[in-house]
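After this come two complexes, each holding chain A, first together with chain B and then together with chain C.
Coming up: the complex of A and B.
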């Protein structure tokens, strides 16, 4: 057997390659509940050229390659199911340029959400990107490749919709540019008016190639931002309440959540919506429009606006919300996992009922959270469960609850978001056979040796 | 292991690696090595794996555990309630490794030297007070303050110069103080952070007995690491003293004009020592001193205060050098950071930081653009 570690070291430098038990242990797992699979190597490249050399080496030697951003998917998408090498992308973290007028940022494939946020705040204070509530270590490329969502998803769509160009190293080892950057120095469109090839890489979890650069669309950052919460004890009304808010086109982000604790939240459904404006007048105008839209529910005594405690407001307005990670410590056990299927808004009551049922059946601390996508064309419904990493029984109960969610999603016509390998296979079994044939054809052409994140988007 | 009940609670979300605005990774070991294993979350998961016999105590594992600079950036930025104990957890893991007797050779040598010689330099105790030759510094005989100089101030050439500058300022300001000279022994802060609890207890016990015997009530430390040991660890062992960093004693002397400053024109930035800032909450005294100097233009680096980037010398690394070397060594990263400010001087308030940053300065070949000076050395110039 060839000394692969030495060959990798020749590409990236000795200090950025490891085949040591410590790295192999850590990179075998993510913070979720998926079983570990140990990589043979971990490698940390710094340039596209190095990534290309790694992929070409992997092709020659038929070694699996698993690209990793921050490894935060929770569903095992960066766990090397068939060993091989994990390619940790975070040294490729340069913010190459921001075009203020065309409103896009061009960054390397390992750039973190946090780094871009900080950069924009300092150098382009009138611009923002759609930052998710994942921890700020999450990378822009990984988030786009899993169709992540962020603060601007309600207005503009999935974060993958907000990509305006890609540079990828395909599974065959070719460097390829996708979008306007393929024939222009500018990265303003990922496809239109030509065929949109970004779909060959977004949603594939690295199974067709590695994103080494991407451009993301930026949007106006208004001077003022505020949040309101409308509360109802009628879950069946949540879809129409959200519908009314989206109809106004006045809100930035729209979320809905329910959880049994603390007691003040029990049996209530909270629809939070964010408002932005450059002046108090603009903000108040938007607020009044939405208040007016929701007035019938107040008159019918089905809901009302919650007075947000002053301590709570900064927490809600923070981006990313540090408190989101706090769910992992609800059981003082360092763990939470959620299944976040993409479903139609009208499925909210059914999802909520299922969540409560699972929480009770498996005796789990749960939280249900909805993020409205693209004006309400769909929503992400997070079935979230906190677990104690030191309590194997609780972890097993959580797995069982999530398994039930997987079956439930298909029944209500939903789509898995960040699907586990098991969910991917379920999706393959249930999808139009010709769709799967097309996916297989794409995969085979882009990754002829089947080395890219193997196990994902495979029949099994 | 102490704190074992906490280690499974780390979600490895990674907030701990950043500055508060997320502009940069601020964990010195993660910044240098870039493997997740060298981040605070990586350490938490690996310690748990080691305790569960999923990985062995290897040289790599020791390297990961002992390279931590204990800078407490993770404590500052972790989102969980157990954050206050993060550095304590890493110290407890080191203690476990020390107890098992399998530790990196430089750590072993450091602890051995302290055990045998009472200092890491293997120098005789009689050399401790040499730095004070030619000054009017007196032995401690019941003065208001004991000036505790520590190992670096006593034996390291750079440290000695700083000790001398501080002592001369205290004399000029009319402070009643004395030193222990050859009776001084190691404060034990690095012994404690490197996990040798038994040796630390011995050193602390010796110091506490001596201080009590001499009637010491108030201590001025040259080194923030000693300040940390005296404030954080000694009280539990019966050593209850009023402990001050020298900047906290000099500031009122400046404010009361006991030290009258002249104009000193320079553009100066300040490097917060982790054991003065994040560990002991003193960010302002050094800054107020610098701002009080007429003609001095004070500028901040982006990474300052609770977001200061560590010089890489903490947690015993000053002596063991596990974290040193290469372009991404923390001292080299840190010394590049003031360049954006246009400062010509990087002020420090710790002899370990001074030495680390000067080494970084040389490695980066920036001697013609920057100077590393202790606060006391800058004040000395302003008094000239």
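Coming up: the complex of A and C.
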């Protein structure tokens, strides 16, 4: 064991390897409900070359490799289920370049959302990326690899759709470029017009390789941004309300949420949407179009726009929104987990009914939140529960509720988003067998020794 | 259960029909006004139920002691005629639900009521309030609930307002200085209209400010600014206090512009209209109002109600008119706050 640590130290330097229990304890867990698994080593590379050497060493020694961004998935995707080494990417955090005209940023695999946001604000104030409402330490690569979502997802798709190039170290230890960067110095497309090979790595949670660089598409940052909230007491109307808003093509992000606390949100469903513009006229034009689209609901008294108190607006306009973490401490003790299946918009009422039923049955604080994806082709529905980490009974009730969500998702034709290993296995059991065969073939070819994040995308 | 004291005979003998004749949102002559109010009083249908936008104006226009707006509201509720989307009404009712989270200062015989508006914590400071603070109440338990008349829901008021009175009674206070004139309107106007006993003397903060400014007159530096006053809907419930706006402005050297939409002819901030009727109506009212301020040379817009300021503040600022609350303006005049630069 000591020998491996020494070999790793030869690659990255002594100070960036640890087999000490303190570090191993920390890297054994994430903030969610998944049980911890302790790694044997933690290694923090600085270059693609070092990552390649680490993976090659792991192949030689048949040691599991678990790539980690900020470790914030909540579903245990960076927990080393079979020990081995956690490869913490945080030193690979350079922003290599931004192409203002082609609107993309090329960054290293450990670059955080917050770092890119700050960099763009300072150096490219007319550009923005699709920042998720995760803590700003969340990394771009990890977010893309779980098909993450951000503030521009409603307009442009999953954050993985906004990738415009990858550099990866495959599970076999090969450095490979994906997209236009494979034959051009420019990182403007991850596939088209050639075969899109990014799917060999995105959605695999590091089970086929490690992303060492990625390019992400950037979009115009308008000078003005505002938010509106449409409220209805009829959950069954939420899909059509969202449909009407998406039809206008005027909104940036669109979310829907319901939660019993605080009182102002009780018994209602809220559809919040964001507007952007370079001028008041542009902003107001968009606002007017959307308000008019929802006029029939106001006239029928089925819904209306709430006045957003001035102290609430800055909270809503923050990116990422810090208030999201407030739910994590509703029950004190800082426990929070959600299952966020990708489902069709029309399933909103069924999901909401299930969430309310689970909240009541397991006596849990809950919140249901939807983010509209890509103009409404699908949505992410977050079944979110807060719990007290010092209360084992509450944690167990939360586990049971989330287990029911897992079963429910399949029944309503949904897909697990950033699934736990248990959900991955459920998905494997229920998917077209030939699809799974294809996935197995891909996995075997890219990771012949099965060292990459083992436990994930396996039959079990 | 409290009952509205409304006398149909007063309408029958009304020489003006001012309640509806003066309404800015209807075109009605004296005879029709009388007929419609009697129809409403008798529970019959009336076009007024559709036309009334809940501006509260008719409570001010009626100088004969009747309560046309409260009556319209009662009858609307009785007929199930919603003014507001259900979800919005539910939301507001939930917000006002007492939850035991009220805040009390060092309660004396005379107290400040912040109602349920946290913004007043920042305003009620300095010399203007040093002879009363920290004697204050804040929270749903002391919330006047009058806003629900916008939503054609007097049931919730009749249920909660007596409980609010009881809460004040338990404090043993004699005078309540209301920083939100909606609270004053509720205690001095709506509660008596429903026969609800008010166990203290309600004081409008205009009266309080005026007296304090007189006491501090040697510390006032006239502001020498031109301002428009945004009169809130609830001010219609306290018309006898409206003159104090001019009196106070005079004391602190503020020149109130003489504009079209002022006094009885005032226009609502539009916040409630947006919830009730959507974009076009609210924007039209707001545009006319702000255009009027700008055309008459106002450089500042003085707000009485924080909710109006929330709704219109940013909009007037975009027209280079500085939004400022009346209390803050008074504090500027005595040198406690800087005047926002033009």
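Throughout what follows, the second predicted complex is superposed on the first by the 458 of 460 C-alpha atoms of A that agree within 3 Å, B and C clash if a C-alpha of one lies under 4 Å from a C-alpha of the other, contacts with A are read in each partner's own complex, and residues count from 1 in each chain.
Here is the rule we go by: contacts are C-beta pairs under 8 Å (C-beta built on N, C-alpha and C of every residue); 3 or more make two chains touch, one makes a residue touch a chain.
Being a predicted model, the structure only gives us computed values, none of them experimental.
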Putting chain B and chain C on the same copy of chain A, do they fit or clash?
-> fit
Using the touch definition from the top, say if A:375 reaches chain B (first), chain C (second), both or neither.
-> neither
Identify the partner contact of A:349: answer first if only chain B is touched, second if only chain C is, both if each is, neither if none is.
-> neither
Touching A:260, do we find chain B (first), chain C (second), both, or neither?
-> neither
Determine, under the contact definition given at the top, whether A:83 touches first (chain B), second (chain C), both, or neither.
-> neither
What is the contact status of A:298 with respect to chain B (first) and chain C (second): first, second, both, or neither?
-> second
According to the contact criterion defined above, which of chain B and chain C contacts more residues of chain A?
-> B
For A:328, is the partner it touches chain B (first), chain C (second), both, or none of the two (neither)?
-> first
Nearest CA pair across chain B and chain C in the overlay: distance in Å?
-> 18
Chain A contact footprint on chain C (complex, rising order) | 82, 84-88, 90-91, 94-95, 97, 99, 118, 271, 274-279, 283, 307, 310-311, 313, 318
Given the complex with chain B, which residues does chain A contribute to the contact?
-> 15-16, 18, 20-23, 25-27, 31, 42, 44, 70-72, 88, 90-91, 112-115, 117-119, 121-122, 135-137, 322-323, 325-326, 328-329, 332-336, 388-390
Which residues of chain A touch chain C in their complex?
-> 231-233, 263-269, 280, 287-288, 291-292, 294-295, 297-299, 301-307, 309-311
Write out the stretch or stretches of chain B touching chain A in their complex.
-> 8-15, 17-18, 21-24, 33-37, 42, 45-46, 49, 54-56, 58, 60-61, 64, 79-81, 326
